[in-house]
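Lettered A, B, C, D and E in written order, each chain numbered from 1.
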Amino acid sequence: MVWQTLKLSLLVVSIATIVISVAGILLGYLLAKREFRGKNLLDAVLTLPMVLPPTVTGYYLIILLGKRGVLGRVLYDLTGWTVTFTWIGAVIAATVIAFPLMVKSARAAIESVNADYEIASYVMGRSEIETFFRITLPLASRGILAGVVLSFARAFGEFGATLMIAGNIPGKTQTMPLAIYEAVVSGEDEQAKWLALILTGIAVVVVYLTNRLSRPRRVD
Amino acid sequence: MLKARFKKHLGRANSRALTIDVDLKAAQGITVLFGASGAGKTTILRAIAGILAPDEGRIVVGDEVYFDSAAGIVIPMQKRKVGYVFQNHLLFPHMTAEQNVLYGIRTGVRRNPRERARELLLMLGIEKTADRLPHQLSGGEQQRVALARALATDPSVMLLDEPLSAVDVSTRSRLLEEIVSIQRRSRIPFLYVTHNHSEALRLGDSMMVIEKGRVCQEGSPMEIFNAPRTASIAKVVGTENMFVGRILQHQFEDGTTIVGVDSCRIAAPLNALPVDSRVTIGIRSDDILVSLERLTQISARNVLEGVIKNIFIDVDKTELMVSCGIDLKVSVTRSAVRQLNLKIGSTVFLLIKARSVHLLE
Amino acid sequence: SVSNEILVSAAISLKDCFEEIGALYENETGVKVRFNLGASGLLQKQIESGAPVDVFASAAERQMNELQSRGFILTETRRNFARNALVLVIASSSELGINGFADLIRPEITRVSIGNPKTVPAGTYARQALTNLQLWDRLQSRLVLAENVRQVLDYVARGETDAGVVYASDVVSASGEGIAVAAYASDELHDPIQYPIAVVKETKARDNARKFVDLTLSPAGQSILKKHGFLSAN
Amino acid sequence: MVWQTLKLSLLVVSIATIVISVAGILLGYLLAKREFRGKNLLDAVLTLPMVLPPTVTGYYLIILLGKRGVLGRVLYDLTGWTVTFTWIGAVIAATVIAFPLMVKSARAAIESVNADYEIASYVMGRSEIETFFRITLPLASRGILAGVVLSFARAFGEFGATLMIAGNIPGKTQTMPLAIYEAVVSGEDEQAKWLALILTGIAVVVVYLTNRLSRPRRVD
Amino acid sequence: MLKARFKKHLGRANSRALTIDVDLKAAQGITVLFGASGAGKTTILRAIAGILAPDEGRIVVGDEVYFDSAAGIVIPMQKRKVGYVFQNHLLFPHMTAEQNVLYGIRTGVRRNPRERARELLLMLGIEKTADRLPHQLSGGEQQRVALARALATDPSVMLLDEPLSAVDVSTRSRLLEEIVSIQRRSRIPFLYVTHNHSEALRLGDSMMVIEKGRVCQEGSPMEIFNAPRTASIAKVVGTENMFVGRILQHQFEDGTTIVGVDSCRIAAPLNALPVDSRVTIGIRSDDILVSLERLTQISARNVLEGVIKNIFIDVDKTELMVSCGIDLKVSVTRSAVRQLNLKIGSTVFLLIKARSVHLLE
């Protein structure tokens, strides 16, 4: 049971982290480099999922994506499929909740890169995409990696919104944090401790490895 | 062929730092941009590369229009084929020297980019630094990597912003030859910014002096160094003797105009300024000859008697300060000092051809 | 707590009626009452950790039993002040024709939500009822466990699940929108749904706390509870 | 009532954000600049409050700080005061939950600053503290400000751990997210919507203003 | 007084980039560090400033021990009173020019730091840039701000790493005088890194040539430029004529040693090397005199007949390439070219004093 929960948690968090990283870096880049009206407002609005209690965010997600939701209805009418109570719902919830972390971190990291290097790359005839991957991203890597780690941690621990949209179907959509919460509230302290230990253990290992990864190559 | 004619205001509207207003043509060959610090040389290069959009004007390289405010054309920098050695190098800090150079090689242009990169590093004498990151390189090594990277780009126009300012004389001397030979082979215009006379002379097929954002004199480096058109150009190019005087008389038969500076009468080439106008004249210390006797059978129009007040001994020239009513710097060889037994206090005669006296605007 | 103020930890489902009873209490005693509302399990943990609570009103007996056995409440003050009934709810727009618990095993029913039996009292009772109806095992794959009753109602009202099991009082308080009661579970199907209340042992306002407990059991208190869909204690 | 809740929320989030910022920047600096054994492990462990469900974090906080807690008992014996069910408890909860965001962001931002500038400052005889405030901090300001904004948002929205340690006592420890939670759970949808609107409105304004603040001075 | 004796290995253990191993003393006055790019000049300054800890050694300034590996003393850079003009400027990008300079002024030292900052900016001719951020400054302006900032620090030792490489000749000339006068007033040791001969000559009270991390020659700049001790030093300092030859004979009565280079016999100062040893000799182009007649009544020991193969005209010197068995570069003034009517193909006699022929190691 624990194993299944863990497997699901890892699946959900892996996909969510990848989605968040890709989309977050992209959006962070646009916010850092492009000027458009309402840019800072957009940035501010993007942090909302952090401010609202996850349950409330989850509630809004249902309103949007549920079987009778604004988008969910269209999807259901077309395919007969709905995202609620599926592990994909858990991925969506985790993604939405942790996304602001990535966008903010990526934007700040990209804005901190000395633009002269990007200019030098352009002058050498390199496209914006190539410059982004070979110059901007490596030079912003510290901040971006911090964002990835934060998003990972947040997504890994997410359960309020997840619970709402993915439901708690034992063995199907129950993630680790949910299991821990359940154990704590129902007074199964031993179980809770064990689960928490596993969860934090995994998180610590992942974060630790990422940290090592981002350590500057020692040069003198 | 590069043609650039544009205006650009720098700084805030209320406190203009500088207005660039240039019209320059650079043919195939090396065109030196010479000018004091802050004259606007880097800004001109940046506009050509597209890093900075001029307020108005037109920039054409070959038959490609890079910028045309009238036609609304602004080719982005990625599309301009410009090689650029930045004044502050701008080596990518996360790439080794070799990777930096490789990055300069446009994808698909070379069959074996690594070989080309190695070749360039070797040519610039920094092959041993190939695997080092920029912060592990000395200043001169960084500069050479930047040069290699720019040379790697196979551009339509090459912009070099003081590319050898941080390397030693002997390396510089070798690299100057390499730069010339690369230019000759590539047959594209090189714009070369420098503060260094001998670089200008050795490289420059032509030269432009930039002053306060404008091209204020154009010609071959030798021409400009010999005959700077204004006092400030003279200062920039290093004409040592400059005086303010008044036109005393025109000697039409002689083809000379006599200029009075303090108590001295100096013959200059004939000009059309009214008598009594204030003029500035410049005399290069190198154009003055020293003699111990008052020579008369000589073509030099000016023979001034004076006393040596000081002797500056420098590795590549020895300079005398001679007082003859006005103080003149005179450049001599050390052997002449020995041969003529020149000492502080010696009386000497200075011979200056009229043609060596330049009227500055 | 200061002597003229008491703090009542109450299950969040009691919010509305306790606020009314609280107003009454303040009128009668001149003592201010504050509420700390949350899931019964969390409230229990707070009390165990020494939170300065005077009165605890739980939505289920289990939490109170645990506190009692560990000596956190004044046993003699413990009372059951309300009861509740379990109901099967469906969306009022539902066209599945669900009329009773037995309908839940019909193949077209795909999702049924109840409170998480481990954390939500209503869920615990729902499990008992379904088990007794021999439905629990057969419904396993259709169950969606919610973290609170409100979530069950949301699911049902928004059509995410075909039916749900909640308390009768919840349907009243939820302003009933979009919800219809399909069936009541008879009392024998589950343990009595009792709402116990007791004074916390560490209280510094034992008398005032005692008065609050008494007030919930008084006719005035009981009528307020009844108004909100609860059943009287006995 | 709403006003009081809001006031409390603002008080709690202000103090928490200040505490988080100061301590987080300091710790981020130490992680960035000092070498010590187990540094990356410490960094990893510090992200834990993000991974555990806030309620669980709150539970552990209560075990630690409650009247019978390891630390709480000492405090109680000494002063007769306990942190549970006080607004200070809410501050502690918000601080603990949002702290990792600041530490990670600050560390990454500080590590991204070209150390040569700090060296130049030292060579000019400036102390480490002076260098930190006048060189490192301004040059890392983008990333650090992103961290502050994220921490603010997270602290502002925090309710799981707060509920546990500070309780949900209207007019005393009930913050905005708790009020929203309460309204949602008790079916007061109108109330919930209004509260959510106020909360998000304030968050957007604060984040927007911070964004404007951190905008580079336009220079040409 | 600065005394620095230390070793430092650069690069990874398995692929040493360079080992610095120096023992240098710099008295009050300006000590020039001269050397090819990559010789280790910057690294030496960094070690003195405390940016880099030597592997072993001892560094003392005045009577303060900055570093002593034996005694385990490592004074942190904050506590060393060092003024440093970094080769890459390192202006704080978030501070204006003036703020950068103000930052250099140690707190509490000056009564009116703002005034002092303005004064320095004015002295360096960049007062107008006071309110600009570094990226709004030209390369030369940035360099001058860096110089102003370092001068502002009131240090016990001043380290200047090519502080004028990016400014024009006329500005540089003025600033050199300022630097000298500041040094004279402050009475502290200045270590001045440069690649430029005339800077070295005009500033250097003494000079050290750095090669591969070692001090390979010490003396006054003039001494070293005139008599570089090894071929590689000669190359760095720019001795134009270098030949490999063999000792033919020692003429004890004359005090000369005859060196054979190809078919030429060249008289050098007497030395103790065995006959037939291979030696390298260097002759500065400036030390060769040109005559049209074969002079005999002259002190020069070497009179070589040759033909002018080429004439290079440069702004500050004219060089002849004369072939007389060996090819010699000869530096003459332009006036001499005119007077003697020197042309390609002319036959000339070169006069070289034995003392001007340097035996290089």
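Rule of thumb we're sticking to: contacts are C-beta pairs under 8 Å (C-beta built on N, C-alpha and C of every residue); 3 or more make two chains touch, one makes a residue touch a chain.
From a predicted model like this one, the values you see are computed outputs, not experimental measurements.
Novice: Based on which chains touch which, give the shortest step count from chain C to chain E.
Specialist: Between chain C and chain E, the shortest chain-hopping route counts 2.
Novice: Can you give me the shortest step count from chain A to chain C, moving only between touching chains?
Specialist: Step count on the best path from chain A to chain C: 1.
Novice: What are the mutual neighbours of chain A and chain E in this structure?
Specialist: Touches both chain A and chain E: B, D.
Novice: Could you work out which chain's C-alpha centre is the most distant one from the centre of chain B?
Specialist: C
Novice: Please work out which of C-D and D-E is bridged by more C-beta pairs in contact, and write that pair.
Specialist: Higher contact count goes to C-D.
Novice: In whole angstrom, what separates the CA-based centres of chain B and chain C?
Specialist: So the centre of chain B lies 90 Å away from the centre of chain C.
Novice: How many angstrom between the C-alpha centroids of chain D and chain A?
Specialist: Taking the mean C-alpha position of each chain, the two centres sit 19 Å apart.
Novice: Measure off the straight-line distance from the CA centroid of chain A to the CA centroid of chain B, and report it in whole Å.
Specialist: The mean C-alpha positions of chain A and chain B differ by 57 Å.
Novice: What positions in chain E touch 2 or more of the other chains?
Specialist: 10, 88, 136
Novice: Please output the residue numbers of chain D that touch at least 2 other chains, ranges allowed.
Specialist: 55, 59, 184
Novice: Going by the contact rule already set, what residues in chain C reach two or more other chains?
Specialist: In chain C, the residues touching two or more other chains are 42, 45.
Novice: Show which residues of chain B lie in contact with chain A when the two form their complex.
Specialist: Per the stated touch rule, the residues are 49-51, 76-82, 84, 86, 88, 90, 92-94, 103-104, 106, 133, 135-136, 149, 153.
Novice: In the complex of these two chains, what residues of chain C are touching chain D?
Specialist: The touching residues are 7, 9, 12-13, 15-16, 34-38, 42, 45-46, 48-53, 148-150, 153, 170, 173-175.
Novice: Considering only the defined contacts, which chain A positions touch chain B in the complex?
Specialist: The contact residues of chain A facing chain B are 116-117, 119-128, 134-135, 138-139, 219.
Novice: Under the definition above, what is the set of chain A residues touching chain D in their complex?
Specialist: Touching chain D: residues 40-41, 43-45, 47-48, 50-53, 55-56, 59, 100-101, 104-105, 107-109, 111-112, 140, 142-143, 145-146, 149-150, 153-154, 156-157, 159-160, 177-178, 180-181, 184-185, 192, 196, 199-200, 203-205, 207-208, 211-212, 215-216 of chain A.
Novice: Under the stated contact criterion, what part of chain B meets chain E in this complex?
Specialist: 10-11, 17, 35-39, 41-42, 87-88, 128-129, 132, 136, 138-141, 144, 161-162, 165-172, 195-198, 200-202, 221-222, 225, 235-238, 286-289, 313-317, 331-336, 339, 351
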